[in-house]
Amino acid sequence: MAGDWKPWTREALAARVAQDIPEGWYVNLGIGIPTLVGNCVPPDREVVLHSENGIVGMGPAPAPEALNPWLVNASRQHVTLRTGASYMNHADSFGLVRGGHLDLCVLGGFQVAENGDLANWSRSQTDNAPAIGGAMDLAVGAKRIWVVMEHTTKSGEKRLLRRCTYPLTATGCTKRVYTDLAVIDVTDKGFVVVDTVPGLPFDELQARTDAPLRQA
Amino acid sequence: MIDKFVRSVAEAMAGIKDGATVLVAGFAQIGEPRALVDGLIEQGAKDLTVVHNTAGRGREGVARLIGEGRVRKIICSFARSRGSVLFEEVYARGAIELEMVPQGTLAERIRAGGAGIPAFFTPTGGGTLVARGKETRIIDGRECVLEQAIRGDVALVEAWRADRWGNLVYRDAGRNFNPIVAAAGTLTIVQAQNVAELGELTPEMIVTPGIYVDRVVHVPSGDPPVVIS
Amino acid sequence: MIDKFVRSVAEAMAGIKDGATVLVAGFAQIGEPRALVDGLIEQGAKDLTVVHNTAGRGREGVARLIGEGRVRKIICSFARSRGSVLFEEVYARGAIELEMVPQGTLAERIRAGGAGIPAFFTPTGGGTLVARGKETRIIDGRECVLEQAIRGDVALVEAWRADRWGNLVYRDAGRNFNPIVAAAGTLTIVQAQNVAELGELTPEMIVTPGIYVDRVVHVPSGDPPVVIS
Amino acid sequence: MAGDWKPWTREALAARVAQDIPEGWYVNLGIGIPTLVGNCVPPDREVVLHSENGIVGMGPAPAPEALNPWLVNASRQHVTLRTGASYMNHADSFGLVRGGHLDLCVLGGFQVAENGDLANWSRSQTDNAPAIGGAMDLAVGAKRIWVVMEHTTKSGEKRLLRRCTYPLTATGCTKRVYTDLAVIDVTDKGFVVVDTVPGLPFDELQARTDAPLRQA
């Protein structure tokens, strides 16, 4: 029957993303689900995590008794360092971001367009006092942007669009989208479905997507 | 003998004028020169332009400075955020000017200020609202935005150790904006958790050389607050 | 496991193509990746654009690369200098293109290349021959010159210690151009005097994080020559 | 009699400059006579010397047995470090220069004009392959530029000019000139003589100077 499928949980989604990150990549993980990805990379796979406040080589959350109050990530969560980690100042850290040195940045999103445009910082064209943070720098700087978000809003509004309606974070930056329903590449020909949750019919996915989808 | 230590926060803050541009380092309460911000509130200068990563959170520090109506303009990358209550109040009644800047552009503008680069092009913000009203140019196929350097009349810094020349090292993620803020201030004031003898900080260790520092006050304020989210 | 060490200079230089832009760090023979430059001479790539503080001195290193006709263009701050004999010969017969850059502008252009800043204005060279043919603009009453970032297809670096992640520290004045050159290369190759275990270089010590480094070869070449002038 | 005066020696000139540098200044010393100035600052007067290859806090030349082959200044002379010194990379070092953090830079010169223009890197408008080095950065960046040079060339050509004829290093940067004959401020009203070698009549100094001189 048509309803016999389940969306991925946040944890399953994070694990799905982590599965695609090979050893040796330098990766920045944005706020929200992306942060969970770090916990899903097997410890023996050396993936080097960058945090834009000035850390290369971030480790997982500390045991409570080993918490270092001076060591947080860009989401202000207490973290640890891996052996081999280092600190840098904020300008050098964003120089690293903008300079194209990250293999991957995983960002949360509000909307992604079929041309790769990303909107993830403001839901209003007229809100003049939002939070920009570092997302714009990451979106223009990393070699690959993967966006992780729910496929639609809670009220069912579509998020994979022909064109974004929210203010852009960057143009044409998104290479891949991981939603709770599917993994979708952004290509020259638009959205291409790479994977879906088991049992989800293509037309049901398309019904939840504004822009046309192609099958891989 | 060069000795940049002063005896009190009040002495450290002496001479800051109304209308000054004040750079405040720190990220997420780590490496934030809270004692100096409190000293600035005490000192009384007003009509300030404050440059800081956020518009403050809660009711202390930069938030309190804004809440007391002392800030004419804030330049930051996070305005509205969890806990930006005082900013919201003041902004809602039109009593503060806001300049929103992507975080990396904010860092680079401050770095440029210290390094004598008056302006630079960056791809960050190209094709977005951030580019609106700014000069843009297509470089290597990407829209880049011309951004201006930021310098401070005053720079407020928190360091882990300082010596009498004003050489500084930072602790862990407390480094963040501090080195670039230190370099971009005409009057750079440092609160240091620990005092080092000259020479204890080795040539390889020193992150901020004393040439960037004007005054140092010893403030052993201890660890930043632990936040469990 | 990440391990950026390669077994030989030849392996380190593999794949450099004709026409490549090669950044060579070092200042006054200190921190100069001589073994890698020799490796490049051996490797054979030609039509190179070389970016280095000088056009070489004597008959070795960058000078030899030029002397062997492998360099189409040199970007440097010192062309004619004591000992630039091979450059002089090649330049006199019109066989090399020269781009002269003030030293600070050269450093900043390389830094910009690594930091994703495509172009910047600088007061250096304003009102001088350096500004000729370049876009200029009066900023704060001073003529500033628009300068472009420099990136290398290849960056050659000399470090004092390196670990398997490619984290680097430098020795004394051997730091110079090395950290900015390391960050500005698409393929960054390091010769390291000493090998460190991962973790021996602490988070505070590391000057160049391994993210900027692609290959490291252990070359315990010893001290640079002492010059008594 | 008119000839009863002697030019300052290079050493005397260096000492004359050093005398005017107060404790606490951050100073860069160019190639040539300026380098000698460092040796003339009394050791108990803390003047912090910067070298553009990346040193703040340079000390004097080492004893031969204590020479560190890895430690040179921008003139490629082996030097020492003072207690409190530090290293930085080349971009940071020139950021320090350009950013206006040096209280003083003492440079050699070929020509200085009465409007403060300095020419010190090339004697030809058509030599396309000279050495620029860091002089242009220093000339635009330091709070004060003092130029040290012989008052005329060996063949008697004048060097203190109405306008420079050699290619400029920077416009309007020179605040003071120390020659082997006189100390001369560059002011809004042109050259003002602050000091001369003992016994040198003003008209003899003027005769060796292209631009008009004023007495302080």
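Observations
As written, the chains take the letters A, B, C and D, and residue 1 is the first residue of each chain.
Methods note: contacts are C-beta pairs under 8 Å (C-beta built on N, C-alpha and C of every residue); 3 or more make two chains touch, one makes a residue touch a chain.
What you are looking at is a predicted structure, and each value in this text was computed from that prediction instead of being measured.
If you compare A-B with A-C, the chain pair joined by more contacting C-beta pairs is A-B.
Mean C-alpha positions place subunit A and subunit B at a centre distance of 29 Å.
Per-chain CA centroids place subunit A at a distance of 55 Å from subunit D. A separation of 35 Å divides the Cα centre of subunit A from that of subunit C. Averaged Cα coordinates give subunit B a centre that lies 33 Å from the centre of subunit C. Touching of two or more other chains is recorded for residues 108, 111, 115-117, 122-123, 142, 172, 203-204 of subunit C. Residue positions 87-88, 91, 94-95, 97-98, 140-141 of subunit D are each in touch with at least two other chains. Taken as a contact graph, with one node per protein chain and an edge wherever two chains touch, the assembly fits none of the named shapes, being neither a line, a ring, a star nor a complete graph. In this structure, the chains touch in the following pairs: A-B, A-C, B-C, B-D, C-D. Those residues of subunit A that touch subunit C in the shared complex are 23-24, 26, 46, 48, 50, 56-57, 81, 83-88, 91-92, 94-102, 140-141.
Across the complex, subunit D meets subunit C through its residues 51-55, 67-72, 75-78, 87-91, 93-95, 97-98, 122, 125, 127-137, 140-141, 167-171. Interface residues of subunit C, counted against subunit D in their complex, comprise 27-31, 55, 77-81, 87, 91, 98, 100-105, 107-108, 110-111, 122-130, 142-143, 170-180, 207, 223-229. The touching residues of subunit B, counted against subunit D in their complex, run 1-2, 111, 113-117, 163, 165, 167, 183-184, 198-199, 201, 203-204, 206, 209-212.
Of all residues in subunit B, those touching subunit C in their complex are 108, 112, 115-123, 139-140, 142, 144, 169, 172, 203-205.
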